[in-house]
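Take a look at the structures below.
Two complexes, one shared chain (chain A), two partners (chain B, chain C).
Let's look at the complex of A and B:
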């Protein structure tokens, strides 16, 4: 009696475990299906479209006709990232390492662009740039707009990484005779590398793919790649050549992510909770 | 080479007093240990010497230079932290070279110095490794080498061994002492570990609640504690409170008679204690001797009691004896300890060396367990428990 009962219980347990495994596999495949299939469809469409064009021609079109738009996107991304980093590094250091009144309020204020719709940012920037700085006809207006929009994305990972870095390394460097400048660049900066790469990566993806804010503040002669995609779809419908442009943008974003991780790495410290 | 002088160092954190009017003079080449329970202000004091903490009041001198307002990088100190704090992204050699390279030393000179330092701490050939590839003890030795490479005026140690396991601590503390002796550096060493302090120090500062309770050599502090805190914090002690009732004997044989917790004890006279004074009396467990019945004429004090418990600890046997309703601890060593293991019932104890401290000498509330409460009391005027 007893062994049979035991066997039955065990088989129930095994069935349960199998069902659990099956369910989790199904879940993973479902997620993959939902998230990846649209991109695959885009890729397939970019290779062989209904227009009769071949894959190589589609991508030749990307390089030839919209290469300028991609180039603008890349240039604007790198310029705004450089400005972002130059402002965010000292800001993060001050916020983490020095006590001062109103610190929380300051951080909340700096993080504001994260919670505000792009259109609101766009309108406020048009107002500010147009009437205060007369910047709307210059590419710098666009660069600054991107900097404003992505600053919190740069700042937050830096703050997290710095909070994770024990101050003892800086103290040790200072006791060994290093100036603050030397301590920062030789010790702190390499050790918050993961935070820097996270910030750069998040900001790059936003800037490179931003459509709405660009629409508001771009000067007439500058058309970024996302803007061009939208214009093309609106005027000519969805062509395989446009799909090829979209795929190119995707690949550039992906390559940028890989590059940042190779350069800054996650080797030394944790501190990248955001990814 | 340098002398270090701390004059009236005080540090407040808001209403909390971390260090209160701390004075210390460290001679050239001397190793002084700050010893105390956690939260007693010893690390804060050390960090003021390094310049990592700015004192609220007081001055710090290296020789005849006032360094109080200098940042750490201009003090030319070597600070060894509780954790090795090696820069994880730099190789061992680059860690040791760091202090020299930020001062703009020539590459060849740095290379030679790094090799010299690695040999000195017994890690020659480890230069190209990353800190994560070394054991905890090796890392702490590299941090020593890193500090010595810059030829500092003063070495500062902040519990450098507390993160290591016991065996390593024992060997490394002698390596530190040896290096300090060979380089003839003036050193201040912070620890809460008495055996560490006793093993390496020239002098010890016992700290409690932000104050220096007593400064002296190992024997001073162990045999002649000046305050109840020192008597109770250093080693084990039986503490009794009592009143001096009179004097008996004369000359070298003169003894003060103390009525303490129902016992009558005789202690060597002190000039600052008179008949009628409240005193604290301490007897070290290892000074208590188990006597045969009816014997004990050669001891100042003989008490009878009942054995509560015998705890065999290997080299010693710990006797817990109930004497007039009060438990005394006696540590018995030698062959006598073996005969005591089975013993029960009545026992006679004899002892000579009592430490008598006037009750007024209490700088803070007596007893190490109340040290944290004492910090709150250490505000000006709060010197009595």
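Let's look at the complex of A and C:
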């Protein structure tokens, strides 16, 4: 009698554990599905043709009619990433390797844009561009706005990478007679490569998909692709072609993320808001 | 010879080291200079500018007689635009609650039970591409004739009752901020030793007791920091209320600010709303950063 009872209890326990495991995996996949479902829906919609047929023509619209917007997006992303990197490399190096007072405060001050709502950045920049800098008709205003907004995303992975790098390599290089410039470009820069790419990847996906600050500060002749999507959704309603553009944007961004994960893993994203 | 220190003080070294230290500090600051200049010019000066402008009487900002100081904008904010602030806070708070409800179990399972974490991480970046795509996608799903129509027919409710409503806006907002919440809670959870849970289980605690008595107190800092961060970010919500909300949800501060500042060019009111939004975001972020680990810079 007793062993049978024991066996039954064990089987109940095993069943319960199996169910628990199943439920937890189900929860993970459910939440993931909800996260991806807007994208999936847009992908389905982007293949909808007139009369319910599937149509690949919507994607021809992306290269044709809105190709210019896509081109602007890419150009602005590259310009602001270049400026970002040029400013962030010496800044990160100074923060990690050089002693000076007020380091914590300076870092927080530089990381602030992450926490300012986009609409506030937008209105403050458009007013100063208008009244002080006279940059409203120049692309550089938009580029600089993007640069400032994504600067912390570039800086933080660089700091993480530099902190992980022991200073012995630089000391060895210096002992062997390398100048400080040579040490940086031949030793430090290659070794913090993953951090640099993490910063580039994060900033790229933010700048490339930015529509809010762009809506405020874009010059009249420049419309980036996300802004075009925003305008189209607001004025023309939902169109499969707009969905095709949105899907293209997300796929490009996702490809950047996947490439980064494949090559470097997630270690260098520590401290940034991407896990 | 006994009692002599091993390293003899050599005259002249100490002052030289001090000078070198100072020079290194100056070099460091010089390397930071471009970053400081750019953020002063394009972040801090504009923010100071809108604070100034919010205290200035409309249309006197550039007048030759000089700007006239006033509190009128803040008066208008209090008398007419308090509901807008209320809606903004309500939406952000609800989105944060939804995130907490789904994010804590998700982060726990992800950290403790899942081996395919990198796949999950890769797919979790989709919401970060922007609230615009989420709002667009959700709008298509919920529109009459969209993929969710059979579901609505099943429960016999009209599509627009859900599409233009508070829940759909909150839902979209919480999808957008879900990864940030999971990131914060997950980091806090992965710092908790799993043996503590095992010990609690050995001592006869039920799973929910382990969760409430052991895990929650140990991860409270991460959870509070994550919630505050998500709340701060949600305050600036823009596309979701616009595409998914009814007139009531479209009153959010960010959108009103855009209408006032860019469409109606009422700079005084727009900047006042910006300052209010900024103040809320800063207070929330300050507490969030105080709670979080934030030990990147030592």
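Just so we're on the same page, the second predicted complex is superposed on the first by the 238 of 275 C-alpha atoms of A that agree within 3 Å, B and C clash if a C-alpha of one lies under 4 Å from a C-alpha of the other, contacts with A are read in each partner's own complex, and residues count from 1 in each chain.
Going forward, a residue touches a chain if its C-beta (ideal position, glycine included) is under 8 Å from a C-beta of that chain, and two chains touch if they have at least 3 such contacts.
Predicted model only: the values in this text are computed from it and were never measured.
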With both complexes overlaid on chain A, does A:191 touch chain B (first), chain C (second), both or neither? first
When the two structures are overlaid on chain A, which partner does A:68 contact: first (chain B), second (chain C), both, or neither? neither
Could you let me know whether more residues of chain A are touched by chain B or by chain C? C
For A:113, select first, second, both or neither according to whether it touches chain B, chain C, the two together, or no partner. second
Considering only the touch criterion stated at the top, classify A:178 as touching first (chain B), second (chain C), both, or neither. first
In the superposed arrangement, which partner chain does A:168 touch: chain B (first), chain C (second), both, or neither? first
In the superposed arrangement, does A:8 touch chain B (first), chain C (second), both or neither? neither
Intersection of chain A residues contacting chain B with those contacting chain C? none
Inside the complex, what are the residues of chain A that reach chain C? 21, 24-25, 27-28, 31-32, 34-42, 44-45, 83, 86-88, 90-91, 93-95, 97-101, 103-104, 106-110, 112-113, 115-128, 131-132, 144-145, 147-148, 151, 155-156, 159-160, 163, 205, 209-212, 215-216, 226, 229-230, 233-234, 238, 242-243, 246, 249-250, 253-254, 257-258, 261, 265-266, 271, 273-275
Could you pull out which chain C residues touch chain A in their complex? 21, 24-32, 34-36, 38-39, 42-43, 45-47, 49-50, 53, 61-62, 102, 105-106, 109-110, 113-114, 118, 120-130, 132-141, 143, 146-147, 172, 175, 178-180, 182-183, 186, 232-233, 235-236, 238-239, 242-243, 253-255, 257-258, 261-262, 267, 270-271, 274, 277-278, 281-282, 285, 289, 296-297
Residues on chain A engaged by chain B in the complex (per definition of touch): 166, 168-169, 171-179, 182, 186-187, 190-191, 267-269
Chain B residues touching chain A in their complex are 50, 52, 71-73, 76-79, 81, 83, 85, 87-89, 98-99, 102-103, 143, 146-147, 150
